[in-house]
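For reference, the structures are reproduced in the following blocks.
In the two complexes that follow, chain A is the common piece, with chain B as its partner first and chain C second.
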Partner chain A sequence: MFRPRPDGAVATIPVEVEGRVVRVPAGASAAAAVLLAGLTSIRDTAIGGGERAPYCMMGICFECLAEIDGVPNRQSCMIAARPGMRINRQSGARPAPSGEIE
Partner chain B sequence: MGVLRDAALSTFHARIETMRRFDTIVIGGGLVGTAIGYGLSRAGLKVALIDEGDVAFRASRGNFGLVWVQSKGLGAPHYQRWTRASSETWPALAAELEERTGVAIGHERNGGLQLCLGDEEFAKRRATMEQMRREAGNFGFEYRMIDHAELAAMLPGLGDAVTGGSWTPYDGHVNSLALFHALHRGFAGTGGTYLPNATVTEAQAAPGDFRIDLGGEAITAPKIVLAAGLGNAKLAPIFGLSAPVRPQRGQILVTERTDKAWPIPLGSIRQTPEGSILLGASEEEVGFDTGQKPEIMQGIARRAVMSFPWLAELQIVRAWAALRVMPPDGLPIYDESERCPGAFTANCHSGVTLAGAHANLFAPMVAAGALDPMMAPFSAKRFDVPAAA
Partner chain C sequence: MTVDLAIVGAGPAGMAAAVLAAELGLDTVLIDEADAPGGQIYRAVESARETSPKASPLGADYLAGRPLAAALRASAAAYRPATMVWHIDPDGTLSLVSEGRGEAIVARHILLATGAIERPVPVPGWTLPGVMTVGAAQILLKTADLVPEGRAVLAGQGPLLYLVAAQLVRAGAPPLAVLETTPRENYAAAARHFGGLWAGRRDLAKGLALMLELRRAGVAVRRGVRGLRALGRRRVEGVAWEGGEIAADALFLHEGVIPNTQISLALQLAHHWDEAQSCWRPATDEWGRASLANVAVAGDGAGIAGAASALLSGRLAALDAAQILGRIDRAERDRRALPIRAGLARERAIRPFLDALYRPSDTLLSPADEVIACRCEEVTAGQIRRAVRLGATGPNQVKAFVRCGMGACQGRVCAPIVGAVIAGARGVPIAEVGAYRPRAPYKPITVGALAGVEVGPHQIAKPN
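Then we have the complex of A and B:
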């Protein structure tokens, strides 16, 4: 669905999107990696379970929430891709951490 | 002479024709004004609801969403009883609003817990609750002080800093924005006239005869209710009333959504049915400044994390400040004008909790033309008593 601009920077940073390695240019966001990976959604909403993908790309709409390096509900459009970053699907609300933390 | 008089008369008649007449004018389109306006309109009165617009301070858009009883009215049994009455009529209001408007307001009344950090807070809370029970007389006041061990079994991840908490069955919570929306829809649906972006430029008051100029339009009614929040301070004297309210700032933090963490609201910590966790309960005297202050936000977050250490992992996604409408002694002011009968005022910092009372108890009094004698202790006359030397 999305392609990098032909005149853009070379994709050099490898990240893992849902287990698949994608290369993005330096400075690209995690959300850009999601789009370049060809995914049509990266989360299911907390109430209705609807699928959502990155949308505004500027930190406003909160549609691009993803689990990044094990931390749930990150705004992927506001986070720069780093080599080896793991970006995974955010399914619904995050669990309420309970008893295990002292 | 005759020509002049006719001209003056025809101008006078033209003015009367452009004036809309209502049974009651409610000044203030916030939670207090819409709850009263809805109650009046539902009773069949022709009501105009005047809403200033976004230049107003809009306490109704910044509140926390508790329908909270357990800490209201210490040393003021009439306020305890009023709050309780509101909480008791809340389920009926919620069901009725949802049925009339189709807006789900998410009201729950399964009780509430106030957490105490440290032995001193817990002991003080116990004394407070016991005094509330004493002051309730034979109306009764059911409460329990719950210790850490029992609380920890109810509330996963409870922090060691929590000594215990107080519980009553009367507390609850609601989606206060949905409530606000439903009250507006209910008001319009029962035939009420909503006048937005309307600032009162002039007001004339005589017994049973009120005229409000809204810059271009004038409306009249034999009754008027001042429910303009912080705006009441200036409006009230025009109608022979007094409403010495001041702004008190409160700040709120909201976390990302999680699974359901707790069965009931916890005072300054509550989780919405959608999963967001709201943290709040600060009090600052900073005039009309609606800004936020990092120290206060840190204090709110620190107390929340002491209560539940796992909250530290959650991201804060929104935060805001809003101004409470605070009478000098913290208790609501309800009054009717002696100089201009037909003029009423309602002032409080609990527009959510008291929405039930405003729609189902206060509005019928206004419709009947006089406040119930039980409202006498809420009169602003209480501030006229000179301090003892």
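Then we have the complex of A and C:
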């Protein structure tokens, strides 16, 4: 969806988006990495299952919710990309924990 | 921890207020969610790759944020980046989360400098991946040096639309087209504010230069666009309007900015409906003081006036805080405010013209029944209208009926749409319909962060 601009900052930070390594410049958010990786969407909605991707990039809309380093529902546009960060799509509502609650 | 002044938001208003307040001897803390100062307008300004206005695709007005950020870094004010305020108690207690850890501070005075958000643009297809805001494209350019890939269309209206289109041209990614939605009748309404045009001629000249830049770059600009729609199945594939259609890989929408009132509304400060800017804003006096004695609001969060005005209003609020807390007397406050007020009058001169010219069309925020109004809970405008027919009179009731505003964004995006749809359905002004009452936590936090808060005596609940 996005590409580096000519003469732009050098991409030095490797992150994994859906298992694929992409490099982003310092200061980029996890959501920016997702857009650079060319993913169509970052999540399926909990209600209708429709695909969504980042919309506002400034922490307002929560469309960029993603699984980051194993933790779901992170607001990826507000989280700086860090070396080795794993960013994954998330699907629908979080499954209820299995087993009895004591 | 107790401080004299806590400022929320490190944009131009918050930075300027923090620097001056610290200079006046106030023990000041500036809290901001981002990793670096600047707010949205000066986002990542410290790390701008090109620092000369000629070389930077973002231009001189953006780089003007650099000295302000440097002044903040050099200031005695405590700057707390990457910190989210999730609750403010009227007694002055601010609850924070930073790096997953909770914390509370108590402030004798609070300044909200939470800035603006983009007005939602609920056109058919606006939830499709590949449809974003114009501001989002600019943030990607500022923070990550990224530009849209393929055919990009910018649609809507307002100064930011042309600015970002020109910035993309300079960054080597000229948009395919700019579709301007300014209603034709706005031109006549704006012409009535001709007096302000002369005072604001510098801003006007900048706007005209941007349009010329687009023309030279061969960007197609279409005016008077109505009935905008995003087309596509799994992602945006095109843009259509009354009488036209083009294939596109990305669509960026913009219909101006509105105050970010999430915290001011949650604090239940008095707000009023600003007819000229079509938005709610907190009621403030000439110093930015709000309806709670210990709370003030500065910058675009108190009404849209732009970055230069925000900086000045931040300084006024800092002077007032210093007077309230006994660091300077009234006479000194008033004397120091004089040149600031003169600057504010200059900066605000063009606003009535811009507000009238870029007033969103009446139908924009009250879309057809099948259009999604609340993106989080996937509630359509039609469902909201049905709730009104069943007797819901305002946003908070409609929320209980159909769950709009109850999702992850807590109504930040849909609030203006829900208000307009209800007002339209009831046939009353939006002012009468009211606004959502947001609640803490202002953003979702983990129980772990909550559990980590150290509780001081001031926080132990009083039995009532």
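Operating definition for what follows: the second predicted complex is superposed on the first by the 95 of 102 C-alpha atoms of A that agree within 3 Å, B and C clash if a C-alpha of one lies under 4 Å from a C-alpha of the other, contacts with A are read in each partner's own complex, and residues count from 1 in each chain.
Criterion: contacts are C-beta pairs under 8 Å (C-beta built on N, C-alpha and C of every residue); 3 or more make two chains touch, one makes a residue touch a chain.
Values in this document were obtained by computation on a predicted structure and should not be read as measured data.
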First, second, both or neither for A:Ala53, with chain B first and chain C second: second
Contacts of A:Met1 with chain B and chain C, given as first, second, both or neither: second
Contacts of A:Asn73 with chain B and chain C, given as first, second, both or neither: both
Contacts of A:Pro25 with chain B and chain C, given as first, second, both or neither: second
Touching partner for A:Cys61 - first (chain B), second (chain C), both, neither: second
First, second, both or neither for A:Gly84, with chain B first and chain C second: neither
Partner with the higher number of touched chain A residues, chain C or chain B: C
Shared contact residues on chain A - chain B and chain C: 47, 62, 73
Residues of chain A that touch chain B when the two form their complex: 46-47, 62, 72-74, 93-99, 101-102
Touching residues (chain side chain B, partner chain A) in the complex: 156-157, 160, 256-261, 274-275, 309-310, 313, 315, 317
Chain C to chain A touching residues, read off their complex: 33-36, 40, 44, 47, 49, 57, 117-118, 127, 129-133, 135-136, 139-141, 143-149, 171-173, 234-235, 249-250, 260, 375-378, 407-409, 412-413, 443-444
Contact set on chain A toward chain C in their complex: 1-9, 24-29, 32, 35-36, 38, 40-41, 45, 47-48, 50-63, 65, 73, 75, 78, 80
